[in-house]
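Down below are the structures I want you to see.
The same chain A turns up in both complexes below, where it pairs with chain B and then with chain C.
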Partner chain A sequence: MAIKIALAGNPNCGKTTLFNALTGSNQFVGNWPGVTVEKKEGKLKGHKDVVIMDLPGIYSLSPYTLEEVVARNYLIGERPDAILNIVDGTNLERNLYLSTQLLELGIPVVMAVNMMDIVEKNGDKIDIKTLGKKLGCEVVQISALKGTGVMDAAEKAVKAAAAKKFAPVHSFHADVETALSQIEAMLGSEIPEEQKRFYAIKLFERDDKIGSQMKTVPNVESIITEAETSMDDDSESIITNERYNYISSIIGSCYTKKNKGGMTISDKIDRIVTNRILALPIFAVIMFIVYYVSVTTVGGIATDWANDGVFGDGWHLFGIGSAAAEDADGEYSDAMNAVMAFVEASGDDALIEAMDDESEEYDPEAAQAALDAFAATVSEDATADYTLEDEETLATEDVTYTGADFADGVAVVEEYGLEAPDPADYGVWIPGIPALLENVLGGTPDWLHGLIMDGIVAGVGAVLGFVPQILILFIFLAFLEGCGYMARIAFIMDRIFRKFGLSGKSFIPMLIGSGCGIPGIMASRTIESDRDRKLTIMTTTFIPCGAKLPFIAMVAGAIFNGAAWVAPSTYFMGIAAIICSGIILKKTKLFVGDPAPFVMELPAYHLPTVGSVLRSMWERGWSFIKKAGTIILLSTIVIWFMTYFGWVDGSFVMLAEDQIEYSILGRFGNLISWLFAPQGWGNWQAAVASITGLVAKENIVGTLGILYSTGDASVYQNISAAFPSMIAGYSFLAFNLLCAPCFAAMGAIKREMNSAKWFWTAVGYQCGFAYLVSMCIYQLGTAITGGGFGIFTIISVLVVIGFIYLLFRPYKESTTLKANVKVAK
Partner chain B sequence: MPLLFAKPGEAVSIKKISGKEEICRHLENLGFVVGSMVTVVSSIGGNLIVNVKESRVAISREMAQKIMV
Partner chain C sequence: MQTLKDAKVGSTVAVVKLHGEGAVKRRIMDMGLTKGTQVYIRKVAPLGDPVEVTVRGYELSLRKADAELIEVQ
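Up next, the complex of A and B:
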């Protein structure tokens, strides 16, 4: 039988650091059954048969918060062989409050006083021996951060577990003791002798959850009332006061403080950082740095590298030669544009075909001969119009080239031998995974090639491409958490966010979500309150993420002629969606009754160790990578299959890119397109694009690009023609920005919610909200601009009325701290 | 007077805590018991950071109104 040792202590007392020091990499991280409180288990280094259990940080064994319930149920129900109680030496009095409760459980306790180095640095003294004697348990001093004394503490706990030595309990006021011994006498034999005191105290406190742990509950009301009258207080307060009295009585003889009442360094920092004038500017600067580094600069570069390099064509090692390759590429394509302007204007089909470098029969030498012959016929002052297309957003731009441009262009193009410069010729080139696989897959059938390249590599690659950025972000989050600033953020932002049902810490997921929704959703982990966290997860992806930007640019360009207000308006729409959803959802049954009032401890500022920051980053990053390998892999394969297979002329075949109309997805799009008729874009192309957007939002651009590149008109002209009005275009934009995010982000939601029911609630709410909002935009927008009035206009008006009712209906803010959870035993 | 009006930096003693029972308990668990000394470190719009039993605890304005010192 393995020995189980539970690690218990207040939040921020160094429990996780101690746990890591004791178990090393030998950990299992999961969740407590039924709740999203993290459960960590690990084997003690060098002791294969000793399991260390990391309990959530708690202040007391009362059943008021989720963490307390979880820890308490574990200690009472599972009964570990010993408790290693970690105590923050710089905050002895408050930490001992929990210790007095742990000592009552009838389980051997070893106390580890942490942060002894800081205590000594402050000039304070803790007499460990006297403390141990007074409490009646083994006490050791450790520094979890430096790793001193930790193994000694663990071994003492193992010994205590083997010896089954129970601590002699402390005593309270005589009146209380009388009452407790009376209750103890009433307890049946079902409760072991060593646990009787714990049950007696809980019954005395009128603890409403203790009854469920006992077969018969004795009626002790008269005993309690008697004690309450004689001590003139309610029973729970009596016990609390007795505990603190007891602590004061022992602490005096073993704890001496050097300078009483002086301000600590943390207090001094707090006076500046949480100052009423400076708090917000300091916060803004720190957030800007986090955002700037992790989303735009370093994170952006890392994501580009991962997406275009590792999962693209390839990359230049350490960037050697990439600038030269880019210059060459730019020079070549500029020149080629000038050349092609004249070539296409000539109307000479043979020449155009010879110059088509995307054709499979393209031969640079033949092209050069044809171009030379043609160049002789172009005069210096001739002009040609040409339409340039942006690769990413498919935006178009009209330019006019002169004969001189053409002559220069021909010279440049011929210098490159009429072939686009290969980046591999510059610097140190490392081919990407697709390029490497391409070599391996040379002779494989088309479907396998397609499955691997377009399905698996493209889909999973799109997700894994975000890993570097996510890791960078998690380093920042781990640092902000580790140094203690995260708790201050909650304090500073709380008054604003509390108004619409979110927590002060919700700001961070949303800010990060504007870069990528996945780390944004995962950043919600720092929110302790279950209700606030769920609400944050549900609303974070309303903010447009980086992948939605090409799509926004496309709609703005194609339907709104590039109007500058479209992009900013989507951010305002996202913010409005969050605020409205917060206000509506907090009034629903789903979110009622969970903790509301704001009380939280602010840990002392200290520099976290590199190891702890990296460990935290890795734990979070790894869970994301695992997700990409399972659920996301499966989803991308399904979508790929639906896109590239279908029926042509009665037979089921694999399709070429421009045959998407015949694919399963295309047919499906046709089937469901009527659903979006009230939104003003009930055509199958838009429906299909919305579905492919689920793989990755930037796919919407690619899909629309393929579906609308028919005929002579440009993609933009075709899109513009397909949507009846600008209002319909905005409705399409609104739907795709607000509805369920990409598979990767949905995977993150699933993981963070840790419950299928909550996952579907979140995704269902997002899709339903998006559907109604886009319908209202189209219907009411059309009615206001005089575009007709129909049954859906009336429905939309009703939806808006209902919406306003939900926003403003009376509601009483929950002020209870009850945690109604059932924890499986 | 309520803790809300205590001067920052000045140590005061808690006389009474009123309000919902659960919240009182939670405050007691954090060290807010009658007779203990607290110091307001800083305040933003009524939200306070309070020093109690050598730890810093952030509490909202509503809560600070219910703690009498």
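Up next, the complex of A and C:
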């Protein structure tokens, strides 16, 4: 049978580094059943039959935080063969507090004192031998970072496991000892002798979770009360005090500190970084750098490269030739606009058809002949009006070209042979995956071609396209966490965020979320408190991300005549949604059960190693691909199928892109459009566009573009006509910005929540919230502007009243952990 | 009654008693703030809350609302 060794220690004591050093790449990462606490185990290097279980970093075995309950249930329930207790030598006193509890469990303990190199550098001394003698367990000194002594520590733990030697238990104050031995005597034979001390102490502390581990719980209340009266304190405090007293009594003889008043380098850094005046500017600069690099520049370029290059047409190797190709493309399309202005104004159908370069019969030579003939008839002082359409937002702009512009244009387009310049002709061009596959899929049937290109490749692209950006962000996060600044962010921002039930660390997910929600959600990983993390995941995507901007611009342009206030208002709406959701949700049953005391250690600053930063980056990036990939890929394929298949004249066929009204999706849109009548946009086009927005939010623009490009009017005019009022338009905007994000972001939510129940809770909350907000906007907005009053107006008023109640109702922070943690046997 | 919340930045105080109950109280004690412990108040966060203290040789931050539970002298 394999030997199980549990690795236990405080947060920030180098436990992860030690675990990696002991197991190498031989790790399995999962979750503790039913909770979002990460569970890591691995095989000890060179020992196939030794499993190392990495417990969550904890300060105590109290019953109040999820991590602590998970760790103690594992230790009591699964009983590992030995505990390897890693202790931070630079912070010995507090670290030994957990050790005193581990030593009582009746499991052999080996203690590894870490960061001995720093202790020595500070001029302090720890007498390892005396410490071991006093504690009654094997103590070794290690440096997890440098890898010295780690294998020795592990091998000692293996030996201890085989020897089954338990530490003699330290004794507390005489009154406490009397009470504990009385309780021990009352424990039945179901509890093994070596564990009796642990159970007795927990019972003495009135621990509310220990009862569930025992068959019969003896009534010890009178013993506790007696001890409490004689010591004038509650039993939990008595034990804690006794532990620290015990530590103080042993530490004096084995720990000597060199200089008491001196400032370490870490102190000096901290004096500047969290200085009352400088802290906020420094924070702003660091956040700006993180955002600028991971979203705007490097990360943005990497994502564009992955999405438009690898999973698009292709890219220029190292950017060689891309500037030239862009210039050529710009020059050609400008010239073509001037030419087409006159061509379309001519009213000559044959000419217009010949010049249509999107037609399948387009022949550049015939076009040139037709254009030459036409050019001769255009005089220099003639003018023609033309409407330009922006590719991203479909916004239109009216331009007037002169005959001279036309002549110049003809010269340019003929220079290019009347064909748009191919980027492959410039620099070093590497075709994208779709372009490569296109060659292979030459003769395949349309449906297979579509499935592969628009379903699978697009889906895989949606998963992998975000990976470069996520990896870059994770380098920053790993560095900020590793060097100790992340804890200071919580310290600096706590005052603002805790009012909404969030952590100071929620700032980073929200900031990154304004660029892209996926890395934003993934960034919530740095928040320790389970409640704060879940709330952050649920609310981060309310902030408009980059992909929502074209959609916002389209609504602003089409329905609000390009009003400048629309875009900023969506950010305020997003922030308001986060604040209100935070306050409302933290008071609901979902969250009220979890106490979140903010008593946080501020670890000393130190430079993390390159290896640990890269390792953390890779683990998180990989888990996104693995855990989020499936849902993104599947949903992209489903939406592709629904968009491209449908019924035409009674038969089920594959459709072209512009036949979306016949598709399954179109039918479905028709079926559910009544749902959005209270929102003021109960038409199937809007419903369908909202669904395609789930693939990627910018798709809403494209879908509306296809659905509304009918008749002579522009897309914008048609959209404007389809929405009864500006209020309905804003309601549509609000719904799509607040409802469930794109599939890729939903995949990230699923990964971070790591529970189907919480995933659906998050997505359901977002959709429900969006539905009610957009309804209230339309109904109340319409009523206020005198547009009528109906049943939904009354419902909306009730919703607003309920909302205000939820926002201001009194609430009390819980003092016990309600969550139930099970340990699989 | 003087609490840790009112203690001046730069001063060193000793813990007399802990008030409150449950998770917050236990957490404060677990982190080493027990009876008789010396606490040095290092600084207050830029926005006025939380505070940073040195206890048992390391830095700890806690909110003023929680610091109010700690009676000191």
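The working rule: the second predicted complex is superposed on the first by the 775 of 825 C-alpha atoms of A that agree within 3 Å, B and C clash if a C-alpha of one lies under 4 Å from a C-alpha of the other, contacts with A are read in each partner's own complex, and residues count from 1 in each chain.
Keep this in mind: contacts are C-beta pairs under 8 Å (C-beta built on N, C-alpha and C of every residue); 3 or more make two chains touch, one makes a residue touch a chain.
Since this is a predicted model, take the numbers as computed values, not measurements.
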Touched partner set for A:Ser673, first chain B, second chain C, both or neither: neither
Touching A:Ser60 in the superposition: chain B (first), chain C (second), both, neither? both
For A:Ile492, using the defined touch cut-off, is the partner it touches chain B, chain C, both, or neither? Pick first, second, both or neither. both
Between chain B (first) and chain C (second), which, if any, makes contact with A:Leu602: first, second, both or neither? both
Quick one: classify A:Asn754 as touching chain B (first), chain C (second), both or neither. neither
Which chain A residues contact chain B in one complex and chain C in the other? 59-60, 62, 64-65, 91-94, 97, 236-237, 240-241, 244, 270, 274-276, 279, 487, 490-492, 494-495, 597-604, 815-817
Write out the stretch or stretches of chain A touching chain B in their complex. 59-60, 62, 64-65, 90-94, 97, 236-237, 240-241, 244, 261, 263, 266-267, 270-271, 274-276, 279, 487, 490-492, 494-495, 597-604, 815-818
Flag every residue of chain C that touches chain A in the complex, lowest number first. 18, 21-32, 34-35, 37, 43-50, 52, 56-63, 66
In the complex, go through chain A and note every residue touching chain C. 59-60, 62, 64-65, 91-94, 97, 233, 236-237, 240-241, 244, 257, 270, 274-277, 279-280, 487, 490-496, 498, 595, 597-604, 814-817
Footprint of chain A on chain B - complex, ascending: 9, 11, 20, 22-31, 33-34, 36, 39, 41-47, 49, 51-60, 62-63
